[in-house]
Structure formats: C-alpha cells, structure tokens
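In order of appearance the chains are A, B, C and D, and numbering begins at 1 in each one.
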C-alpha cells in the first residue's frame, strides 16, 4: 500500500472544491463587511436544490437550482440584516437552522422518509488535454469535474475583479469604511445586498457540487459544517483570493491526509486523524497569521440610512 | 443659467430631540467663494451634507444651478457637478490615496492612470499627495489633502469644503486658498466652512453665519468686520479675545521633565527621533512645531510617557496630563458615559470597587469647572459636540494638577469660544506651576502663548526663538 | 388513528413512542426504526409519537415526558439510551422502556440486543470471496458498540475464507457527511480495497457512490436492506429487521406479557439477516454462496456462533 | 419623526405577522394540526410546572453559562466562538475529577469537580488567548478549530482512558451522588446549576459595572486605544484575563451539565450550546442580566420545539423551521424596540 502523490493531490483538490467555492462567496461578503453565518444554510439549500433540479432536468438544471436555492437562503439573510438591521450573527444562525429544517422537511415531503437513493447523475472528471499529463500537478488540477474548472475561473475572476474594477473597489471600501463609500455616492446597503446574494449563489453552488460532483444524492445535514469551515478558510486566507485558494487547498489536503492515514489501518485512535485538519490549521495560523487585517467594519452594522 | 450655483431654502433637520437646522438658508453666487461660519453644533455640517445629497432634509428645498433638485445620494450630487471635502475624514485607511480618490467610479479601474491624474492635479493645486501610499500611513495633513483632491477629481464645478484648513499648516492653507481663488476666478464656486474668522474675511467674497440652525447673517466679506461676525456667531456683544495669556513669567521654575539623548524607532525600524534633548520647567509653556513625519508626534508621546524610546533616558513627573490629537481614538470612549470616561484616568492602578457615586460627583464638579456643556455626567461621551468633548478631555487631564501637560493640536476644529476656553485652561495650568507643552499645526496659535519654541525636523529637535519667520525656516530644515 | 393525532388519548389507548438519535431519512438505522413504529401503528392500531434527540439530557427529558403522558411503550433507539431509561423507569412504572442495544434492565426496562456478528460474519465470507486484492475495508460513522462488533465479526468472516486478507477500518466521525464518506471510501480504494462494509447511515450514501465511481469495487450495506441504494455495486446487506423486532416487543407489551430482560435478536429469531443483492448474485462465486447458506443454517440451528459474538453488548 | 417611528413598528409588525403566517402555512401544507402544534410549542415550554422546571429551565442552564462566557468575551472585544470546546473541556475535567473524588463528601467532591471544570475551560480558551497574544492568531478562527479538536478529544477519551470498565460503551461510568448537583425540587430536573448560573450572571454584572477590573474589561472592549492612552490600561493583560474568565464560565457550564444532568461523560453531551450561546449573548446585547432572559427564551424554544415533535407529531426538521422563524421574529421585534428607543 503506497501513497501516490499525484492521486493524493487530485483528491485534495476535489475535497477543496466545494470549500473553496463557498469560501469565495464568503470572501466577497466579508470584504463588504458582513459575516454570513447563513452560508451553511445556503450550502444545504444548494444541495437540496441540486437534487430537485437534477432529478427533473439533469445536471445543468441541478446547478441552476442549487444557485437559486442558495440565493434564496441569503436573500432572507440580507433582508433581516440590511433592512431590519438585525444582528448578522443571530440572523445567520437562524437562517442556517431554517435551511437545514426546510430542506429536511421538503426532502421528506418529496421523496418520503425512504429518501432518494443515488438517483441523480454526477459530473465525471474531465481531463484538460495536455495539462493533465503534467507530473504531480497534472491530474490534481487538470483532471477534475467541470465544477473545479469553474472554481478556477471564479478565483482568477475575483483576483482580477477586486483590485481592477470600480465595483471591486466599492466592495472593499464598503467593508472598510461604509461611511466613506456613502460619501463617494456608493450605497453600502446595495453593495452588501449584492455581496450577500453572490455569497448565497456560491454557497448554493458549493452545495450543488457536493450532490452533483460527489455524492450523487442528498442527505439531511450533508453540508456537515462545511459552511463554517469555509468561513474559517476566509480568515485563514486573510481575505485575499490567493490566500483563500491556498487555505482551501491546505484544508483539502489535511482532510485527505486524514482519510489516507485511516485507510492505512494504523493502530492509532481514529479521533487523532479526524482532528488533524484542525490541528494543522492551528499550527499554520500560529506560523503565519501575525496580525492579519480583517476588513475594518467586518461585523459592524450600518447606521447610515439606506 | 442662474446666477446662483447653490441655493438652500428654509431647510430643517431634526435628529431625535436635537433640531440641527431650523429653516436655515444659504445662497451661493456663481463664481464666488462663500464662507459659512457658526459655533460648534450650529448646523453647518448638516446643511452641507444635505446640499451634497447625503441626507434628506425634513423640510426645505435645494437648488443647484438654479434648478430645484431632490438628491437621493451623493452620487446624484456629484453628477450635478458638486464635490465635497468632509469635516471628518471619509477616507478608507487601508487603501492608497489613488484608490480613495477613484472611489465612486464605474467600470474598469486603472490605478496607474488614476495615480497619474492625481499627480497632475496635485501639481496644479500645490497639494502634495503621493498616490501610492496607504492612507493609514499618512498624517492628518496629508489625509486632508487627499480629501480635497478627491473632491476635485470628480471635475466639480461647485466645491464644498467643511473645515478643510483645521489640520493644514499655514503654508498649506495659503496654497489651498491661492488655488481656491484661482478656481473661483476661472468660474468655479466654493463654499468654505471654517471657524477661523480672519481667514473667512480675507479669502471669501461672501459670508454666512449660522446660529442654532438658523441663518443670522449673510453679507459681502468686504462690508463687515470681525466684531460684527463675533456678534452674529455668539449673539453676544463683545470683541474676540486676542491674548489669553499675560507675558511670560520671568523666573524659570524647577525642572519637571527631561529627555536626554532620546531616540525612537518605529515598528518598521525607521528612526523617527534622533538623540533629542528636551528640558521642561515648571511654569513655562513650550510651543512645539513640526511637519508630519518630522518625529514630532513620537517626541510628544515620549514626553507624555505613552511611548518608550529605543534609546536615551527619560525623566518624567508622576502625573502627566495628555490631550492627544485624535480625541475619539485616544482620549474618550464614545460609548462610555462622561463619568466612565472620567474614571479612565488612573484606571490601570485602581483596585477593588469603583467608587461610582464619588466619581460621578467629581465628574459633575469637573464639568462645571471646565465649562463642559452636557445634561449630566451620565450621558454618552459620543453625544457631546467636539468642542465639549475637548473641554472635557482637557478638564479631566487638568483635574489632578499634573506637573506636566502635553497637548497636541488642542483647539483643532473648535469654535471661537471653545478655543478661548481651552487655551485659557492651558495657560492657567502653567500659571499654577505646571510645565505645559503645546503642539499645533497652526504656528500662529502658538506665538502669543509660548515661552519657548521647539521645532522638529527629520527627527532632530531644535530650539528657536518665538518668532514666526524663525519657526517657519526651522520647519523646513533651514538654518 | 392518523399520524397527526397521536398522543391525544394516549393514556387510554395503546400508545408507543420512539426516540431516535438521528434523522429518520437516513435509509438505515433510524429509518428502519421509524418503519417499525409505523408498522406498530398500522398493525396494532397504536397511537404513535416520534422525536429526534441529540443529547443524553434530552433522552431523559423525553423519557419522562412520555412516561408522564402515560405512554405504554417507549423505544430509545440505541445503547446510548440505556442510562436514561434506567434512571427514568422507576418513576413511571406503567410505561415500558426498551432500548435497542445496551444491557440494563429493571422492572419496566428491557433491552434488545441485536446479534450483528452473525450476518456480519456471513458478509465477511462473501467479501473475502469476491475480493481480488485481498484488502477489504470497513467504514463506520462513529465507533459505537454494535458497529464495532459487526466489524470485528466481519473480519472473522473474511479471515475464515482468506486468512491472509487484510481488513482496514475507518470512521467518518459523524453519520451525515456523505461527502466525507465518499472520500474515505476512495482513500481505501486507492489503497487497494475492493469490498467495503459500511455502517454509516446517511454518510454511507457517499460510500456507495464511491463504489459506483470506481471499477470493480463493491459495497455491503447495513441496518436496512440497502441493496436498492446502488444495485450495481451492492453485494448484499446486513439487515436488522427492525420492524419485526419492534412488532414483537409491542405485541409483548400490548398483550400484558412483558417481562424485563435482554432480548437477544439474531438470525434464529429472523431479525438479523444477511440478504444477498439478487442483481449481483452472479458476482459472488457459487462456492461462497453455498458456504454462506450452510453457515446460516448452522447459526439458525445454534450449532455455529461466530467467534466475535462472545463478550458484552 | 413620528412617521418614521410608526413605520419602524409597522415593519416589525409586518415582519412578525409574516413570520407567523409563514409558520401556519408551513404547518398547514404539511397537513399538521396547526393549533395543536402551536399549543404544544407553548405547553412544552411554559404549559406546566413540569415543562418549566424539568424542560425549559434545565435547557436554559447550560445556555446561561455559555451565554455569559460569550457575553463577557464580546464585551472585551474578544471574539470567543469557542464556548463549545470550552464547555466540553469543562465537562470532561469535571467528570474525570468527579470520578476520582466520588468517595469524598459532597461539600468537598462537588466543588472540586466544578472547579476542575472551570479550570479546564479556562485552560482550553487560554490556548486561544496565548495564540493570539503570542502569535497574533485571530481568536475567531483558533477557538473554532479548538471546538473541533475538543469534540474529537472527548470522543477519544470516552473510548480510551475514561471509558467505563466493561470497555463496551463510549462513555464513563456514572458519577457518584456526591458529585451530582443537588436538585432544587424533588421530582423535577432543575438543579443547583441554575442557581449557580444566575448567581454568576449577577456576579458578572457586578464585576463589570462595579469593580476596577470590570471597568478595565469594558474599557478595552469599547475603545482599546483610549483605554491604553488615557487610562494606562494594558489591553493585552486585560484580554488574557478575559480569555481565562470566559473559558472558565463556559467550562463551568460543561461541569454543571455533567454533574447536574448527564452524570457521565458522553460524546454528544452538547448539542451545540456553545454556538447557540453566541445568539443568546447577542440577543441580550451582551448584558449579563439580560442574558438570563435570552437563555430562558432559547431554553423555552428548545423545550417547545421538542413538545411539538412529541405531542403534535411535527417532525424534527419542521420543528427546527418553526424555531428559526421565531428567532427571526424576535430579531425583528428587538430591532423595532431598540430603534424606537434610540430615536
């Protein structure tokens, strides 16, 4: 039994994909100054949307429904947080609870308590001609489901968009100093609403990937805390697109390491392996975090008029 | 096109129980520089924010270029050719000057191009700004210059400047006014909110005075004098005080504080203060001047005991009063009541219970003694006007008769009466035997006050005569 | 009675409640129990009530609430309910508490003990016969006594056929994360595993998917008959006929013949079963099927007990 | 102003009505007896002395401890979201020590177990404090990671060093009566932990408002720069203290739950109390006495949701929906109330 490095990396990227998608959504939301604890809710909503969509109209419809469902979850969040000016942390917690409950309820209503079995089609990995033959990183990065390539596009897009467009600038300014944005004619409420919507779409997409590129069916609570991990990844990645990519990859490979170690059948308590990704994250943080700068207004409610 | 670039008519605005504006009006003629004066809290900023679309008036009308408008946001105002320099910075500290100036645009963002435009604008206006430096690495003077360039960047035809000179050096102010006069001469229009009466009379074409949310005076600057202005501002019939201090006491008191060969390096290892030697005597007022980055703030913080130098010896008295420049960051906690803010002094050493009834009574006494106008010691510090906050801070720091007082820009942004009050307090403190060190960006504030002058330049501290020219030369490093 | 008006006249009628530790849509441990509850309602006309619980604190609270409402029979679905049942039992002598797992009994508290080891052993025999690599995997949700016992006996079955085979065991850490289930399975497949015995409830769905995505990898299901979940890769299922077990318990209580004890439910009682997936019968060597059949008969007859069955549960 | 005040209440009213309508519609679509479901929700929380004394208050007790922990931390600007892990550490230590001292008389044994819980909670959050002060690691993320690690640590301990002697079940043996919290009323589950928690809420409030230490904590939280410059307060020292105190409160919550309700250590001892605590504390606007009220509200909500499952056959997933809706409704109400007062 040996560990094939290329295969390990491929699995790491696969595991990192939904985490990174959700984390990019959260990155945008946090750069606008909001912490979206409803992300987990958007993710489970997306997973359920994917099941419904894909059962009715194939994979494309599945992803579309995933995005719609994720957006719906955060629209509620945006309404409560931006219009009612409610505390985002409580609202996010409630939205997640709501989404977990609602998806469970609808799932049972539509598929009965017996569930949907492994009924939806899933995306197969697609090799990028040429690139997938690169040693080590070839299969890891270029033999993945289409969703992973969409992630690359998203990452590059954000990496370009944040510093190179006025919209990106407006987003960052809103997260730092909403009053400055307001003075410059930008509505912080509008910016945050769009950011939340994007965050919901990405969370939904991440849920969709779980169903349509990995498991092939829905299970209640299958997001299993990934939304919260995605939020941690944003912090670990210091709110930068490149940092988030690295952090997601770190988390993905730490999880893979955990799986691989268990599969080797060593006589070590399995909890040790399960804790590995979190311990590794702590160690990396201690080594690198020295005064990471969060967006200055992160978590602070707006008190300017919409 | 109308003769009037901006008209505000019978504007009212209420904030909770506070009536900020009570039917105030303002008429700004095209191609003029219009000064708006008023005491702290008179409603100047509120009126300007309404003109700029950042706030909707409860009542009243806004006309721009003769056309009645309803502004939904500052974006709408900017589109109509308005630009505004805000009293309290509206800059994003974590962004570069160029990014801040570009904020509010659309489409692709080419920071290189923006930086180039900023350089051009900077050269044209004489306002030196490095487009690539992050704002949080800059001093308040530079930040103010960025605010101004930001307003100009939108190609504004009408500029509103809310106390732009409060943090500028006299030279910078002169350059700004020079440029503003040219701007106006070329057909632009400017509204200048200020507390400096002399300034208003000398650069403005027209003057409007607000009091308690109402217009009490509009006149041609050339046709009125300073006494008229003071009467309009305060509603009292009196002349402004020109000297708050009698000439210096001849006897030199004992040494209360001494810095010997003090050097300071900042977090990045840059040398900010180099082998400074300063001696403060009881009963004297030492004026300090220095441009941004000259090490002046580090020097003052070492003197205040708030910064430990990298090298050299420091001898300070037990009690040091400190009035820092950034009041809301370093001196008061906005969410705390006045009593609580008062209790901050000495909080580190306190043990056991807080004697609140005593502290509250003490605060009330101090408020009365130092003319802090607030309903009670229990109100949030954040609800006080800037002037009253400053009087409160000065009063708190004076309360246990410190042997040494350090004040940084203590009257910035304060109106006539608050300024007089604060300066009088500092003078009284010296008279009662404290050593008082006052830093001000505006050297003219120091001249009638200081017994000695220290000027910092490039980390070096030099003593100069209390003479305007000598100080001005030392500020730029000339002999 | 419809499911929606249970509890109304609970005190008068025969009323049965169920506490599950997880979601009843897991197509496995909890779903099977809920089926049992529904069977009791349909066959015995009972009023039923179900609650999903999370913590030991809630176990006790709900036992008490059902006791106070005069429920006739309350199931706590798992060994983890036994301490709470033992504590609450004496306060509500008219209610029978049954935990599925555990060993604690008292006047009105019984336990059902499922002989996982019996069908698991048979599953091990099949797995070893089908495996080409001689490396076989077990994946569980968390390490609970029945899961652990099943895996141990499964390994015995594997080694019964192929003493040199290697069995690796892994746990996902929860029962919901189907994505993690899939990754754990793929990690095993990458180490050469080609048959996986899973007992991870909803998280196990990912394990079936991993087998579908891999070549020549098979899964063995557990708790419920999971042969339909992924018919092309599922060799068979280790089934607990929870409805049958629940029914027998309910009949006993309803007829007033309840006696507190540990009910051992095994192949002989028909509650524990190894069910081959008919769709994949051809993938299993005939010889292996014959061995399984004969072992099963011996188990039924009581002439063969898998070695791992000794010990407590 | 009058008009804006009205519109605010209007928004709140509309929101709450909307939420109420949504709850009813969902229940109706699901085919449930709406009035019975809502009655069960109320009865399960407040409908009887049993509901109050054995369900609502029992659930509110741990929430109160952890709510206080989070509230105290947030007051000082420490974003401790690790109350869950600290609670687990506290429960573990309380049980471990409780098993060792079970032979001692209760007056000694119980305080020892509780003290161990508090110390373990403090130590667990102390790790995050140390990482922050020494390496600048943001506590938002380190405390979250420590939650996961604590979960797996407990999972291992109950199958390893602390496992019951037959080594079958993943749990410890039961604590001896000497280490069990006294019940407040016989026949009801509410235990001394509630009194302790309420006492601590009062004590926390007293410390924050009346003592110099509490004043420093609040000052650092409200304005660290001013606290340092004007008050000479060392924010790092104060922050370290808050990490420890907050962790101790959460740890005590775990100890109270283990010695008052579960009497043994299980891996699923907390259903996420440490996360609910954030909502509990924020809803109370971090005021220690208000946290009593909001913990009670959340405890009642949990108890009511359980009753909806039991007595009206509303599935757990739907009960969660109703719970979330009510939290959103409370948020809307809170919004209108506080905005109304500010204006």
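As a convention for this text, a contact is a pair of C-beta atoms (placed from the backbone, for glycine too) under 8 Å apart; a residue touches a chain by one contact, two chains touch by 3 or more.
As the structure is a computational prediction, the values presented were derived from the model and not from experiment.
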Keeping to the contact definition above, tell me which chains border both chain A and chain B. D
Distance-maximising chain from chain B - centres being C-alpha averages: C
B-D or A-C, whichever has more C-beta pairs in contact: A-C
Hey, how far is the Cα centre of chain B from the one of chain D, in Å? 46
Using Cα averages as centroids, what's the distance between chain C and chain D in whole Å? 34
With chain centres defined as C-alpha means, what is the inter-centre distance between chain A and chain D in Å? 27
Two or more partner chains touched - positions in chain C: 23-24, 143, 173
Junction residues of chain A, two or more chains touched: 104, 108, 220, 271, 274
Identify all positions of chain D at which a residue touches two or more other chains, and write them in rising order. 152, 155, 159, 315-317
Quick one: label the inter-chain contact graph as line, ring, star, complete or other. other
Kindly provide every pair of chains that touch. A-B, A-C, A-D, B-D, C-D
Along chain A, where are the residues that touch chain B in the complex? 163-170, 172-173, 176-177, 179-187, 293, 295-296, 305
The residues of chain D that touch chain A in their complex are 11-12, 15, 26, 30, 131, 134-138, 140-142, 144-146, 148-149, 152-153, 155-156, 159-160, 275-276, 278-279, 282-283, 315-325, 327-328, 331-332, 334-335, 339
Within the complex, which stretch of chain D touches chain B? 1, 210-212, 214-216, 218-219, 222-223, 225-227, 229-234, 342-343
In the complex formed with chain D, which residues of chain C make contact? 3-7, 17, 21, 23-24, 48-52, 54-58, 60-62, 64-66, 68-69, 79-80, 83, 102, 142-145, 173, 311-313
Would you pull the chain A residues touching chain D in the complex into a rising list? 76, 80, 83-87, 89-91, 93-95, 97-98, 100-105, 108-109, 220, 228, 232, 235-236, 269, 271-272, 274-275, 278-279, 281-282, 285-287, 289-292, 294
